[in-house]
Every structure is written in C-alpha cells, then in structure tokens.
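The structures considered in this document are given below.
Heads up, the next two complexes both have chain A, just with different partners, chain B and then chain C.
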Partner chain A sequence: MQFRLEKRQEPSQLMVYATPVAAVLLTMIVGAIIFSLIGYDGIGAVREIFLTPLTNSYKWQDLGIKAAPLIIIGVGLSIAYRANVWNIGAEGQYVMGGLAGTWVALATYGMTGPWILPLMILAGVVGGALYAAIPAFFKVRLNVNEILTSLMLTYASVQLIYYLIRAPWKDPMGMGFPQTRLFSEAARLPTVIPGTIVHLGVPIAILVAFVAWFIMSRSVFGYQMKVVGAAPHAARYGGFSESKTIWLAMLVSGGLAGLAGILEVAGPFQRMVPGFPTNYGFTAIIVAFLGRLNPLGVIFAGVVMAITFVGGEVAQTTIGLPNAATGIFQAMVLFFLLAGDILVRYRLRRVSSIPASGAA
Partner chain B sequence: MTITRRTILKTGAAAAALPLLGSRAFAQGEPLKIGFIYVGTINDNGYNYAHNQGRLYVEEQLGDAVETTYVENVPEGPDCERVLRELAQQGNKLIFATSFGFGDSVIKVAQQFPDVKFEHATGYQKAENVGLYNARFYEGRAVCGTIAGHLSKTGKLAYIGSFPIPEVVMGINALALSARRINPDITVKPVYISTWNDPAKEADAARALIDQGVDVIAQHTDGPAALQVAQERGIIGGFGQGADMSAFAPETQLTAIIDNWGPHYLASAQAVIDGTWVAGDTWEGLKENVVEMGPYNEKIPAEVVADAEKVRTGQIDGSFHIFTGPIKDNTGAERVAAGVTMTDAELLSMDWYVEGVEQPA
Partner chain C sequence: MDITIAIFITLVGAATPILIAALGELVVEKAGVLNLGVEGMMLVGAIAGFAAQFYTGNPYLALLAGAFAGAATSMIFGFLTLSLSANQTATGLALTIFGTGFSALAGAPFSARPIELMRPLFPAELATHPMWRVLFGYSAPVYFSFFMVFAIWYFLKKTRAGLILRAVGENDLSAHSIGYSVKGVRYAAVMFGGAMAGIAGACFPLLLTPQWAERMTAGRGWIAVALVVFASWKPFRLLAGAYLFGLVMTMELYAKAGGGPLSIIPSELWAALPYLATIVVLVLISLRRDASTNAPACLGKPFLPSN
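Up next is the complex of A and B:
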C-alpha cells in the first residue's frame, strides 16, 4: 500500500482550521512519547503543560496576562504577513512602545488625572509605529529587505533601554540599580477583575483582535492587504499601491506591538527594567502563524502559547521537568503546523502498490 | 436522588476537583516545602549551579523534614511573579529568589501570601516576610586581584559584568584596588553584556578584550564561557565565578570564587521549622565560608600564593579590608580618606569606579 500526495483543486477550508488543532494534539502525543522515552513522566508532562493551566482556575489570570501581549502583537503581525510584509522586529517595536509610554509616565511623575494613562497608551502606539516606519521607509525607497532591518533594529532598541535606565531615567532612590522609578498610581494599568492580576490589557487584546478581524474581513483596507499579499500583480492592476500597503502594514503591526509594550510596562512591570524585553515580539510570530494569520485565530493561538509558558512552569514545580521542555513543546507546535500545512493544498491519496505505467 | 447520567457526571467532576483542593492544604507535621527560583539553568556550572548545590545541601541535611522544588530560567519580570505565586500556592512556606532582578516581584507576591517567608538574594527591598541575603563576593575579588596584580604582564585586566549594579561595581573596584596594590600601573576594563547568562555574549566579550591586549579576565556572569575563551587563547588566566570552573579551563583558571549558600539555606529552613524565622539581612563572606576560594593553579608561583593567602586570611580575621582609604575614583577625586573603611551601606550603593578602572561605555 502506498500513499501519494495529490494537489487539491481548491485549498481545503477544513484543513485550514484542522491543522492548527492537529498540530497541538500531535505535539501532545509526540511530546508524551519523547519525554517518556528519556525517563520523565511523559503523560504527566503533557497533562501539567497543557491541561493544568486550564483546569486550575487560579491559573486563568496568568494565562490572560501572558496571552494579552502575544495576541496584540500577533494580530498586528498577521495583518502585515497577509500583505507579504515580513516585519520580524515586533520585539523592537514593543520595546519602543514601552519606552515611549515610560517617557510619558516619568514626565508626569507625581501627577494625577485620568488623562495620563490614555496619553501613555497613545505614546506607546506612536512609538511602536514610528520605529516600524524606519524599515518601511527603507523598503519603499531603497527596497531594503524589511526582515533584516526590522530584526536588527530590535537589538538597537534593547541598547536604548540600557542607556536610558543607566543614566537619564535611573531611579534616584534605587541605590544605583539600573531601572526607572515605580510609576505613580495614575500611570499604572488598573486591574479589571478585583482580587486578580488581570489588568486592562486583557480586554484590550480581545477588542483589538475583534476590531482587526472586522476590518480585515469587511473593509477595503483589509481587502487591499490580502490582495497585495496574495496577488501583487493583480493588485497593481487593480490600482492598489504596493508602497502604501507596505507603509500601512508596517505602521499597523508596529503600532500594535507598541501598544502591547506600553500595556506591559504600565501593567505587570510598572517601571522600566533591563528585563523588559521578554521575547513577546518573537513568540508572537509563532502565534500569528498558529492563528492562521486570522485575528480571531490569533486569540486561540495566543492562549495556546500562554498555556505552554504557564504549564511549563507548573511542570517544573510538580514533576521536575526541565525548563527547556517548554521550548521543545513550543517548537513542536510550530513544526507540526508547518508540516501539516501541506494538507491544505494537497491531499493524501492511497494508491495501489503497482504503479500505473508512466505515472511513476 | 435519582441517579441520572447527568448527576454521575457532576459528581465525577466534583470528585476530580477534590485532589486539586487537597494538595493546596498545608497540615502540621508535613515536611516544610521550600521553593527556589533561578535566573539561569542549574547546569551553568556557576552561579545558579551554586544555588542549586545549596538546595541539595538542605535536602541532604534535613532529609524528610523538607521537600524542595526549584524553577530554573525564570526571567526577571512579571514571569517571575507568576512563578513565585505558583510556588506559594503549591504550599511552599519558604521561597528563595536567587537573583537581583526578582526583587519587585518578591515584594508584590509576599504581600499576597503573608504566611510564606521569602528570601531574596543580593537585593535591597525588605518586608515583614521578605528577608535579604548576600555574599561578600568582593572579598574573593580582592584575592583574585592580588594574583592578577602579580601575574599580569600587559598590565591590562578585564572584567565582564552583567549590569552596572552595585554588587558588580563593587567587584570591579575590589579587583582593581587589590591588583593596583601590587602594580600601580594596572588598569581594568569593564564590559557590560546586559545579561547574567548568555555564553555566546560572554565569549564574544572575552575575545574582544583579549584582542585588546588583556591578559587576565574576571567575570561576573553565571557561566564559564569567558574562561573557556581565555583557555583557548592561552592568556595568563581568569577566575572561576560562583563555582570551581577548573574543569573548563584547567590551565587558565587561577582560582575561583565559590559561593557556598548551603549553610545559609540550612539555617533559614531550620528557623522556619522552629518558628524562629525573622526577615533578616545577612551579608557574609570568607569568614563564614559563604564565599570560599577555589584551588590555586599550580602555575602560580609560591610567593604569589602566599600573598593571596595573606589577603584571604586577613579578611577572615578582620585585619584587612579592601575598601579602606585612601581611595580615589577614576576622575582622580578622593572618595575615601586614608584609614577610613567604607560602610556596608556605602558599598551597597556604590556607583563609581576607583582609579585605574576605565569608565565603561
């Protein structure tokens, strides 16, 4: 008995939605086998990583605040990637959003008023968008590959944090430690569910995803993004400007990464510290693809990634699974997803063992 | 009650939830659960390895009276907060947060779990249930600096640091002061790589420094990467940090600063078991064996070893303190008058470099 891959007439809609789910399930099965073979409690590892964060209600708040930045950045990236604009530097735009918001928080230190937080958020969005404008400019004007420029700018943004918190923004009461002071009350993100750590960023993330979904599926903007990405020649013929699309894609994805950055600094961190960049911008790339570049899918994907982070820690404390296991599980999800993608455009067909003449 | 499929399902679900609740309870007579969080991995053969050795020491000494858990590679930020809550919620009554950047999170979580005792290494924020502990690494640096002062031919030392925090600045200054006691022409070039644990960055920094003529390297990061580069390039030497790293650089490790956290962890665990724990603020060094020196490399001449030993024993009996004036800073201004020793508070907020240290970029 043999199998053959056969091209489908139309990409399979079923497979588009089935493969992400299958990727997660396969990861659980293969993960359980691998970790059992190397001497860990494989079933337990899968249970602790994928199920405990869901069954233990105490963990939901952690999932929410871990998923929120991933969803916000992932939504932005999915819009850009739809348009074939490869913004890999969301981490840098996240950092710049955080820094821009921090600047407002420090400038208004000690002041009160309901305008401070919205101003910080605005600054964060603008900061992220401006930082993404640099690769957009070079792409449009000089055709410089945005993958390289956006990625390299990430490293520059991290150095900017170090510079700012070592000198101009250093906490005067911090015994010389390189960090800003704690933001005053008005510059901190409020929690939305009393008694938990769920901050305003969580509902904002859901809102962003829904708004983006609506825009992408209902507006000319969304249509333009998709057409330019899928069929650039047709798009040009249809009058959509490629440069304008690049600008929009970079500004939107950068702005959303910046939004995630300011929400993160005003929420969980409440001050700028050297540990602010935590790879959300890079993890969100997996999230965007796992979510099928669909803003609503990104919500699902963001939660799945959050589960692996939170569950990875549970597995460390309960069954002593090493931290690297989390990374292995995350990598397997992406691996199976990309491998499974072939089923969207091809189907597996059983063929008889004697190949038809000429077909082999 | 009629038994229907639905009620069976309900009861089953409730029963399934029970063990979950039960495991959260903490009863008398049970072992004391102790949690540890590490910023790097326990296989770094350095700082985190040393903390984990301390954890194993507690297990070995107290046996069934304790049950320890650790979480490694915890980032310094909100992720740390979640891990701390996870540990507290799982019934750990004593939690050691072993890296400086965990401080904010420890304070926040400690407020939510007032019956859990926290101890934060190398930090500065205390609370009713948050104690601090630290080691006088700089005493070890003074021994290293003495050796470096004798052996360096180019007169250029380097110091690979993580972040310019007082703990690291203090180490750089102790190395410079002690080396310049031997050879006043020596300079120290600090480089900050903004991470505690990134072997690639540590190695890159070491290579760049060696290319600039540095022949003795010290580092305040978690692993042996810089030392391995030093071994490869065959420079005069380097120092192990956190643990004995001679296995990675047998010819190059001149000596090592070994962190020995075990006795402190044991004392804290015992205090919690006895109900006598109070939020302390300990800062111990060579005298209390919290800081120990590794073996001296065979290639070090005997008189240099003798000099290094003099510095070591002097710090143990209290006759020598590396931060005794006169001390000038690297702009030439006198910071500490002759005969005056800096106080702990001054040391713990040190943000200037002594004469002979290049101002880092």
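Up next is the complex of A and C:
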C-alpha cells in the first residue's frame, strides 16, 4: 500500500486551522517521549510546561503579561510576512523601542504629568519603526536581503543597551550595576486590575490584534499587503507598488515591536537593564506562524507561547528541567506546524501498486 | 613584529569557523536551497564537539562529532523543506531556534568545566621562528578550511557531479526531466552543509574558548550566510570575505584587551562592528551591477515537479 500526495484545488480551510492545534498536541506527545529518552521526566515536563500555567490560577497574570508583547510583535510580523517581507529583526526593534522610551523617561525624570507615558509610548513606536526603516531602505533602494540586515541590527542593538547603561545612562546610585535608575512614577505603566501585575500592555495587545484584524480584512491596505505577498505580478498590474508595501510592512512591524519594547520597559522592568532583550522578538516569529499570519490567530498563538514560557519556569523549579527546554518545545511547535502545512495544500491519497502514469 | 604575528594568528582563528560554515552554505545554495539554520547547526556542532573533547580528549573525534551532529540537525531541515516542501525561510529560522535551545540544554551540565584546546597540526620544532609560526602554527581545521576552498571550487567547476549540483540549483525542472534526482542532490548538499556547519561550530570550543557558553557562536552563522551573498557564490571570494571579518573581530579582541589607540572607541561598538560591517558589505555588494545575477536561479524555491 502506498500513499501519494495530490494537490488540492483549493487550500484546505479546515487544515489551515487544524494544523496549529495538531502541532501543539504533537509537540506535547513527541516532547514527552524525547525528554523521557534523554533522561528527564518527560510526562512531567509536558504537564508542567503546557498544563500547569493553565490550571494554576496564580499563573494567569504571568500568562497575560508574557503573552502581551508576543501578541503585539506577532501581529506586526504577521502583517509583514503576509506581504512576503521577512523582518527577522523584531528583537532589535523591540530593543530600540525600549531604549527610545527609556530616553524619554530619563529626560523627564522627576517630572509629573499624564503626558509622559504617552510620549514614551510614542517614542517607543517611532524608535522601533525607525530601526526597521534601515532594512526597508536598503531593501527598496538596493534590493539588499532584509533577513540579514534586520538580524544584524538586532545584534548591534543589544550592544547599544550595554553601552548606554554602562556609561551615559548609568544609575548614579546603582552601586556599580549597569542599569538605569528606576523610572519615576509618571513613567511607569499602570496596572489595570488592582492587586495584580497585569499592566496596561495586556488590553493594548488585544486592542492591537483586533484593530489589525479589522484593517487586514476590511481595508485596501490589508488587501494590498496580501496581494503583493501572494501574487506580486498581479499586484503590479493592479497598480500596487511593491516598494510602498515593503515600507509599510517594515514600519508597521517595527513600530509594533517598538511598542512592545516600551510597554515592557515601562511595565515589568521599570528601568533599562542588561537582561532586557528577552527573545520575545524571536519567539514572536513562531507566534506569527502559529497564528496563521492572522491577527486574531496571533492572540491564540501568543497565549500558547506564553504558556510555554511560564511553564518552562515552573518546570525549572518543580522538576529541575533546564530553562533551555522551553526553546526546544517552541521550535518543535514550529517544526510540526511547517510539516503539517503540506496538508493544507495537498491531500494524502492511497494509490494502488500500479504507479499513476503521466504524473510528471 | 611579534605583535603583528600574534594579530595574524588571532585573525586566522576568528576567520576559520566562518569560512568553514560559509563554504558549506555555499554548496547548499548552489543546489538551490537556502538554509538559514546555519547558526543553529553550528551550535549543535559546538556542543557535540565540546562533549566529545570533554569525554575523549581527542580533538579529531570532537570535530567528527561536530560534523555528525551538524549533519543530523540539517536533516530535520532537509526532511521538512525537501520531502514536505515546507517554507525554507521559516524552517531555517526554526532550525536556529531549535539549535539554540538544544545546545543550551545539552550544554548545561558542562558549564565551568574547561577542555583542552586543539594543538597545532605540525610539531612545535617547525614553528619556532615567528615567521614559520605564521605558516605552521595552526591546528588542523585551519588547513582543512583552505583545502576545502580549493576542493569546493574544483568540485563545482571541474567535476561532473558539481555540474549536476549546479544544474539542480539553476533549473530544477530541467535537471529533473533529464533524469537527475533533484531531491537526492539537494539532500546530499544540505547534509554536507550541515556537516560543515557542525565542524565550524566545534571550532569554537576547540580553537577559540575552551569552555562551554550558551550561544557561543554569537551570530557567526548568520555572518556566514551573509558572506555567501557577499562572495557572489564563489569559493575564493568567500576566503577573502571570511578574513575580512576575521580582521574586524580581531580588532575587537585587541580593543577589549586595552590595546592602545583601539580602546578610544567603546568596546560595545567594537562588539557591534562585525554585524554592522556585514550590513555595509551587503549594501556595497548590491551596488555592483551584476550583484544578484550570480545567485542560483532556484534559490529558496520549493521543487514541485507535478505542477
């Protein structure tokens, strides 16, 4: 008995939504097996990483604040990837957003007023967008691969943090620690549920996803992004400019990464520290794909990835699983998702032993 | 005099892993496949090489372990992109995320347990004079990298197998219709690229810092990918490019060590320089008129013969 792949007339809508769920389930099963084989408590690892964050209500706040940046960045990346613009440097744009906002917070240190926080957020968005403008410029003008430039800028941005908090922005009272001073009250992100750590970033993330979904599905902008990504030739006939699309895709995804950066620095961190780059920008790549490049799907995917982050920390303390295991589970989700993609475009057909002729 | 030689030897050490990884990626791309997982495969190779050196103390076994680990990791990419026609860009990224996590997990027990650096290939008597050290003072991977530059150039230009590989990368449908196995050639190329990335990764603990550190390849895999573009897919230009980057990284090391005029510039800027230089180089290369004409025509596109 043999199986053959047969191209579907239309991509299967069922498979589009079923494969992300299947990818997560398969990751749990295969992950349990692999981690058992290499000498860890595999079932325990899967339980702690995927289930404990959901069943333990104390962890829900953590889920919210970890999902927020992933969703915000993931929404931006899903728009860019739709347009076939491969912004891989969201981590760097996140850092630059955080730095730009920190600059405002330090410049207004000691001041009060409701304008400070909006100004920081604006600076964050602009910072992220400007950093993404560099690969956009080189891509549009000189056709330089945006994957490599945006990624290289990420490595450079991390060095910029180290420099700023070591020298010009260093907390004078920080006892030598390389970090900025704690932001003043007006520069900190308020919590939305009293008595929790759930900050304003969480509702902002959900708002961003819904607005993006509305724009992508209802506006000319959204249509342009999708057409240029899916059928560049047709887009050219239709009068959609490819350069304009690249610019928009980069600026939007960079701006959103910058937004996530400033929300993170004004929320959980409240100062700039060397540990600020937390890989959200890279994990958001998985989030964008797992969410099927659909802003509403990204909410689901962001929560799933947040679960693995929170669960990874749980597993570290309860069963002594190294933190790096989280990255392996996250990569496995993406592997299974990409493997499952073939079922969107093809169906499995059983064939008789006589090979079908004229297939080529 | 002595400082010049010392700088040169540091330069060779910095350039070698990038060169080896980039040579592997060059062959992969010549076959029409874009594997962005070089960084991940290097990290897996690095921890495999480290562990092998830790347990056996035999650096050649360590290099071999790195090659096997890199090749095995590349087969995840090969299966997804070649057998299941998954998106190559996304799969390459996933491979890097996986390699980063895997190496960190596997490396955790080895932290703060140093290994022995690989010794020079030639007996020390040959390298007593400083001038001779420049020629004979290196360990085997350095000579291997030079040999591979020539070997890959020869393979691609002068052999029938190399011609088939290029044909698969330039026009997969034609190669298929003549009867060559596009998938087979690409699998072989991807595996070769993985083995080279694995060896390159193993060079980090064996040649540079004899301790395990998470993400110890620090983006060098990505620089290797960029170098292939810079070199217009030509092995000898890759050699020049890798040494150019080696020079930038060597300046960083000397600046950090407090070396005179170099230390006026903040050390963080030196650390960022290889990445910024990569961007500059990519921009400069794109200014040339024939910039992308040398790219394999099928690069990054899935092979779908039934359409």
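Note that in this section the second predicted complex is superposed on the first by the 349 of 360 C-alpha atoms of A that agree within 3 Å, B and C clash if a C-alpha of one lies under 4 Å from a C-alpha of the other, contacts with A are read in each partner's own complex, and residues count from 1 in each chain.
Quick note on the criterion: contacts are C-beta pairs under 8 Å (C-beta built on N, C-alpha and C of every residue); 3 or more make two chains touch, one makes a residue touch a chain.
Predicted model, so just to flag it, every value in this text is computed and none were measured.
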item	value
Clash or fit, chain B versus chain C on superposed chain A	clash
Which superposed partner A:Val310 touches (first chain B, second chain C, both, neither)	first
Partner chain(s) touched by A:Phe282 [first = chain B, second = chain C, both, neither]	second
A:Lys7 touches, of chain B and chain C: first, second, both or neither?	second
Dominant contact partner of chain A by residue count, chain C or chain B	C
Touched partner set for A:Ser243, first chain B, second chain C, both or neither	neither
Contacts of A:Leu151 with chain B and chain C, given as first, second, both or neither	second
Contacts of A:Trp86 with chain B and chain C, given as first, second, both or neither	second
Which of chain B and chain C A:Ser219 touches, first, second, both or neither	neither
Partner chain in contact with A:Asn143 - chain B first, chain C second, else both or neither	second
Contacts of A:Phe335 with chain B and chain C, given as first, second, both or neither	second
Location of chain B clashes with chain C - one stretch out of 61-69, 79-87, 169-177 or 223-231	223-231
On chain A, the residue positions that both chain B and chain C contact, one per complex	162, 166, 322-324
Contact set on chain A toward chain C in their complex	7, 86, 88, 134, 138, 142-145, 147-149, 151-153, 155-156, 159-160, 162-163, 166-167, 282, 285-286, 289, 322-328, 330-332, 334-335, 338-339, 341-342, 359-360
Chain A partner contacts - residues on chain C that touch it in the complex	36, 76, 79-80, 84-87, 89-91, 93-95, 97-98, 100-105, 108, 176-177, 214, 218-219, 222-223, 225-226, 229, 266, 268-269, 271-272, 275-276, 278-279, 282-283, 286-287, 291-292, 305-307
Chain A to chain B touching residues, read off their complex	55-56, 58, 62, 65-66, 158, 162, 166, 175-178, 182, 197, 264, 268-271, 273-276, 278, 309-310, 313-314, 316-318, 320, 322-324
Residue numbers on chain B that touch chain A, as the complex places them	20, 35, 41, 69-73, 75-79, 81-83, 85-87, 89-90, 100-101, 104, 124, 163-166, 169, 192, 194, 348-351
